[in-house]
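Presented sequentially are two complexes of chain A, the first with chain B as partner and the second with chain C.
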Partner chain A sequence: MTETCTPGQRLGLVTEFEPGAGTYVAGSFVCASLVGIQRTVPVEETADKRLPRLEVSRSTRPDPVPSPGDVVTARITRLTPRLALADILCVGEHPCAQRYSGVVRIQDVRATEIDSVRLPAAFRPGDLIRAEVLSLGDARSYFLTTAKNELGVVYAKSIAAGVPMVPLSWQEMQCPTTQSVESRKVARV
Partner chain B sequence: MEYVNTVGLRLDGRRPNEIRQLRAEMSTLASADGSATFEMGNTKVLAAVYGPREASNRAQTDTSKATVRCEYSMAAFSSGERRRRGKSDRRATETSLAIANTLEQNILTELLPRTQIDIYVQVLQADGGMRCAAINAAFLALADAGVPMRDSVAACAAGYLDGTALLDLNYTEDGGGGPEVAVALQTGLHQVLMLQTDSKLSMEVFEEVVELASNGCRAVAEFLRTTLLAHVGRLSLATSIAKSEA
Partner chain C sequence: MAFTNSSVPFFRHDRPAEVIADGKRLDGRDNEEFRTLFLNCGTISQASGSSYVELGSTKVMVGVYGPRQSDRWMKYSEQGSLDCDVRLATFATRQRGRPIQTQLEKELSAQLETALSASVLLHTFPKAVLDVQCLVLEAGGSVLAAVIAAATLALADASIELRDLVSAASVSRVQGIQLLDPTAEEEYREEAGLVLSFMPCLNQITSLTSHGVWSKDELRDAVELAMGACEEIDAALRDQLVQNASQRRDPPVLDEDDNENA
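== the complex of A and B ==
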């Protein structure tokens, strides 16, 4: 049974329910703190003396947050000699409501010949890349990696004509208008 | 001027204890985390909520609870005479503080330490009762943003003219020189969050006016509740359609 509720609405007694997400306890009542749909999570079989949990969740899906292991879609914003900065746009298939910043360090661009990587030959600002989240990174950004065949640039516009380029190999993309070839770390899509 | 005629009707045809027509729309701005427009008769207010987000000012970050900030402004085209942009509007600053203070009491700020919630309220049409309309709009916007709150908040004003207590004064009645009391209530908990007046009034009149304003608040609260429930209904319908298509 689903029922919508508004903040402050009394949902049940503390003696009968345990307060879950989106609720709080006022006196002897469990009250809603959000506008949303009320759910009762039944007691687990193994737990003894536990009460069913009351939860209120917003019907809209919570914003996706990148976590290690997730494949994300990001846009390169800036290149420095050692790292490429990117804005994470999507986590898996779900677009982010908020902008998360990510970083591809030079050692995480590709799996082989790590020492000879030159970042300008792998990415350009504006490229859309598919990358995996390595770790939560430093205080500013998530660490991303493209060191897999299926990771790397998925969409890039050419310098000369500004049109989307076609991948030639895992290291090159070609502009269909000017036939010029640019080097990228291309993802195998 | 006669504010209540012999039949007992006011200038705009309302009874003394009658509220203006209420209208509300939620999620009116795409860029804000939560937003709402709220109308009380010809008064129209737009509220946008950003946050809870990381506090922009490190020095002012409260490590134990969220900081609530509000910016209230009146659009230049909102009143009958086009208003020049002043440098700092003292009345607007005061209203901003009143709105922020009222809503902060209702937000479960201790759940959101080190964060900041920004509320931006703009008056699009001014016809009296802007402060109360602003609080109602801001409450809807906060609910839309998913900020955890203690209870429903509703605000309404009442005044006293021609020996009668009048609910929800409009611009003409506001200029009538009588006292006006603005009240904001937590309707479920029966707590007064805000009670403001600029004029002196006797104890009996005060009690009568506050009682009338509180009844107005309860009427507004019921309206806000149905608005919120309808909005959640629309959202869950939209997500279920999206899921079935995926």
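== the complex of A and C ==
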């Protein structure tokens, strides 16, 4: 179906369809909550394979908001004894319209030996990290984690020469100009 | 040339003494007819969503910004919040207004928030704030109704998830006769007035603001009159949104968890 639907429009019965993205349930109906094109996902492609799913796709992409489980790109702004504060720049592949605050707590930096983590050996201000959103956090920031192989520092400049460093292992990066080695929690790309 | 230093405001035209002459309104409309409605979406390119609405001579422009991170002093909340701000331009009213926000503007902002908050699905943007900024360029009567319609259009344009579109209509009682969509002159001469905002698909009233003395029957009649007008305005809003969506010609973007081989 290629007709555009508008918020509040009834799309189907809740006994026959599952509500997907861009829809909500009002009484016994699945209604649209966005302006967009209605789409029916057939039963075979749905996750639990019980009912076909109704979705409304947005005609324009709204600004993304980080939510638990998303992989985000963030820049480290400050280090404290127990936290690394970061500005979330992108959610997945989509840049955020404005900076969201995130923190990586010392116990979320890596998966093993979390008692012996030293934050300056894992991150430095200015590094770009790939992290996963753990939870909505508190009023000020989202809680992020880098405790997976593919999460961690993806881009860092060396202190000596100020050039982007090359990763050597999961905890070291090397400056190509001066050959000095600095420690970081490196992401396995 | 010297201008006399007078503290009495000088108007080009005086207000008409009678707004209903021989049972007819000054502009020739029926009692249950509203003025020409002009709608436009996507007026402000920097905003997430925007709209421009003209209801007769009343002109309103709305920009929706966000959802953005709320200020640090706000408490943690699993739901997002709506921050509505209505401003009247200083040239909007018959007498020049003041640049700072007046009581009327604060009241309009609060009334707009009441009207919209029943419709916006706040849980879809936790911890974030949605700014709805409205500017009334000309206040020619039924300002709140025009503002609510424009704000709904802007929210839908910004792809904010809504339960339903909120449309609104204003009714004034002048000399015992109920007039739909009053002009500024008719509102000036009214004995009582009300503004109703309504969600037609869900058949729910989101706000009803009335002033003056209403008898039970008069109130019921006025509310029904306003609800009928809201249904018509709702149809116009939906037409505009569908037209705007097809004109945009963006490829439909589905959520990340859906793998589609185009």
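Basically, the second predicted complex is superposed on the first by the 129 of 189 C-alpha atoms of A that agree within 3 Å, B and C clash if a C-alpha of one lies under 4 Å from a C-alpha of the other, contacts with A are read in each partner's own complex, and residues count from 1 in each chain.
Keep in mind that, in the parts below, a contact is a pair of C-beta atoms (placed from the backbone, for glycine too) under 8 Å apart; a residue touches a chain by one contact, two chains touch by 3 or more.
Only a predicted model underlies this, so the values are computations on that prediction, with no experimental measurement involved.
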Open item on the list: Quick check for you: in the superposed arrangement, does A:T77 touch first (chain B), second (chain C), both or neither?
Closed with: neither
Open item on the list: Contact-wise, after the overlay, does A:Q9 reach chain B, chain C, both or neither (first, second, both, neither)?
Closed with: both
Task: Larger contact residue set on chain A - chain B or chain C - done: C
TODO: Considering only touches as defined above, state whether A:D138 meets chain B (first), chain C (second), both or neither.
DONE: second
Open item on the list: Quick check on the superposed pair: does A:V35 touch chain B, chain C, both, or neither? Answer first, second, both or neither.
Closed with: both
Open item on the list: Let me test your reading of the model: by the given contact rule, A:Q171 touches which partner, first (chain B), second (chain C), both or neither?
Closed with: neither
Task: Contacts of A:R58 with chain B and chain C, given as first, second, both or neither - done: both
Open item on the list: Tell me the contact category for A:Y24 with respect to chain B and chain C: first, second, both or neither.
Closed with: both
TODO: Identify the partner contact of A:R99: answer first if only chain B is touched, second if only chain C is, both if each is, neither if none is.
DONE: second
TODO: Could you pull out which residues of chain A sit against chain B in one structure and against chain C in the other?
DONE: 4, 6-10, 22, 24, 26, 31, 33-37, 58-61, 97
TODO: Sort out for me which residues of chain A touch chain B in the complex.
DONE: 4, 6-10, 22, 24, 26, 31, 33-37, 58-61, 97
Task: Footprint of chain A on chain B - complex, ascending - done: 33, 106, 108, 143-144, 146, 148-152, 186-189, 224-225, 228-229, 231-233, 235-236, 239
Task: Touching residues (chain side chain A, partner chain C) in the complex - done: 4, 6-10, 21-22, 24, 26, 31, 33-37, 39, 41, 55, 57-63, 65, 67, 92, 97-101, 136, 138-140
Open item on the list: Can you tell me which positions in chain C touch chain A when the two form their complex?
Closed with: 48, 66-70, 72, 74-76, 78, 119, 121, 125-128, 156-165, 199-202, 237-238, 241-242, 244-246, 248, 250, 252-256, 258
